[in-house]
């Protein structure tokens, strides 16, 4: 079967360059971060007749600004997560490439689920859809790490490897558990749910409860 | 003829830097991947009065999500293809630069043909146009490799070179043949045609039928 | 407390790669620069019946072109500022990563505040909002430098370090003072305010008053 | 005058990293290339009732596709031009940074002048505006090279330097002369003008009249 052989050869030759994955990832993240803004429509001039009108209209943009901030944090957290993984991964194969691409699929769709949430912020379905996006990001990032580790693409001394690997995996599991709790809060109140998710993200972004100062 | 001389000199000095081609390619792919999402319009709030309404409206987005996924796969496959080529190409000239740019022309137009397909999914012409885009991507990528090989820009030992070159070229030919069959299915049914194309792409992305495990 | 330990480990492993921050920054700046143009809407053909009509309509775009130029300068100045900082910063940690991301948050929101200004150019609130954006860029860039310096990520001999650090910090403080004065001019006239800000930016871009020629 | 000193120091420290300029340039070019497509609006489904309708409507997009192709070529030519310059420039200062940024200003505005041209393709003013954009790109690229050369940022042995420098400069001057002639043709016919410009670009892209084969 020559075709299988051909495919096998292609598998072996595809996806050696980690730099290209990093470059396309930074591109997709950069664009997703910036596209989010396109959803915040500038109110048209016709309806505005005074400074007070303008300020009032601007305040009406609060849900959009809130979901913008929410998604900026989400993207920042997952960008950091992927960056950390690739600081230890030095080689790649075709499957790891595609795992990265599927991760980027969920990155690139985030501006849509964000816009969906900000347009329909009063419905549980919007929160659920947004949470599903975060969940998909977590799952692909987790599989990405496990695959890279199992196939020997993580370059670390064995002792250190275990510590790093445990930290990477535990972080995703803990974060996803918190996100799931946050999303479940929408059965009580949708704004509570969004507030909880933003607090979780602020924790991860700012490291509020990490006490790094205590022991060096 | 001093102008011809000037041109010749310019030919010789233009396009040495493969890094720049890789960078602009990753940029164009990243943007094309993300622009696809702009086509999935969030339904406006006015027509929605309940969770059930919202879920129903969301389900109405299925053709858009389907074509989004279709084009994401297309871009992923051709990005992988170009990445593989450049992992062997270390130098470039002006003509190779322009072959890359024409390849990127068809990458950057894919969000348009995708939107065209999702808006007019019931017409054969849309499938034909979409297929023409995939075909143009395949042709430019094929010529790109042949040109690079003939002009000595592929850096591999001769023995390995033959295996790699055969794999790269055969892959494009086999994939394009399958795409052509998939597109031709639109004379039976358009949804069959799109399903076949997605299955072909899933095969290439996930390597479903590659049996890499059997012999190392 | 195993979780705190996990977090600490993650802090230590996160954010070593300065290249990724630079790449995502260049991406966000590039997109912000280009998205600004989307705000300049091409007048539709229906209302145009002669060359004179077209020229007149084009001239009506002046406020948009003015704010486009204004924001292009703003982005150029802050891109230069961040580039200068990273030419001295060779390592990074998770907090520096997030300081960069917050800086990019204000970069990516600039197309919005710019569009807001060009749509509502006759209101002080628009100028205030735009100034707040510039102020936030200055503050995050200042904190970014101070943090990098205090944590030993700036790689320079101590003597030189002091000169560079003073120059970087003084520049931000002087520029922000001038911007504040420029923005305050909006209580006299909004066009005066914008003119002053553009003049400040031209000074920083072109180095009009720097007399670099006098002493080498 | 401590401020002047501060400025001078900043001038000296700003803009050493050519990599960052190259990265932001590739980003801006990649986005400009892709944004051009957003101007080609997919016809809405409501007005289409048959395959023939769809094909007819698609053919109505010809002016858009033409200007899209035109601008793709323009961007490709100037991207190649800037890439060639930076393959010889290894250091930079603040002024060279800003010359690059102004060049990118005219790159990022090209999707606007292109959309303007395709919407008002029957008016000479549109052709004039488009030509002005090409002219501005040529002028900034020319000044960029001359500045880099005069300040010793071009790294080449003196003998070779002269040949390369002459080739770079002559190319811009000849191309701009041809563009000016092409644009002037709009006083005869606008479509002639656009055709001539496209032919000039095809010449530069494909090297039709360069006879590279005659003497190696």
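Order of writing sets the chain letters: A, B, C and D. Residues in each chain are counted from 1.
The definition used in the following text is that a residue touches a chain if its C-beta (ideal position, glycine included) is under 8 Å from a C-beta of that chain, and two chains touch if they have at least 3 such contacts.
Given the structure is predicted, the values throughout are model-derived calculations rather than measurements.
Student: Could you check if the interface between copies subunit A and subunit C is built from the same residues on both sides, meaning over half shared, or from different ones?
Tutor: different
Student: Farthest from subunit D in C-alpha centre terms, which chain would that be?
Tutor: In terms of C-alpha centroids, the chain at the greatest distance from subunit D is A.
Student: If you fit subunit A onto subunit B using only Cα atoms, how far does it have to rotate, to the nearest 5°?
Tutor: Rounded to the nearest 5 degrees, it is 90.
Student: So, what's the distance in Å between the C-alpha centres of subunit D and subunit B?
Tutor: For subunit B versus subunit D, the centre distance works out to 25 Å.
Student: Among the residues of subunit C, which ones contact at least 2 other chains?
Tutor: Within subunit C, the residues that touch at least two other chains are 23, 26-27, 30-31, 38.
Student: Name, in rising order, each residue of subunit A that touches subunit B in their complex.
Tutor: 3-4, 6-11, 13-17, 19-20, 23-24, 26-28, 30-32, 35, 38, 94-95, 97-98, 101, 104-105, 108-109, 111-112, 115-116, 119-120, 123-126, 129
Student: Using the touch rule from the top, collect the residues of subunit D that touch subunit B in their complex.
Tutor: 22-23, 26-27, 29-31, 33-34, 36-38, 40, 42-45, 48, 51, 54-55, 58, 68-69, 72, 76, 79-80, 83-84, 86-87, 163-164, 166-168, 170-171, 174, 205-207, 209-212, 215
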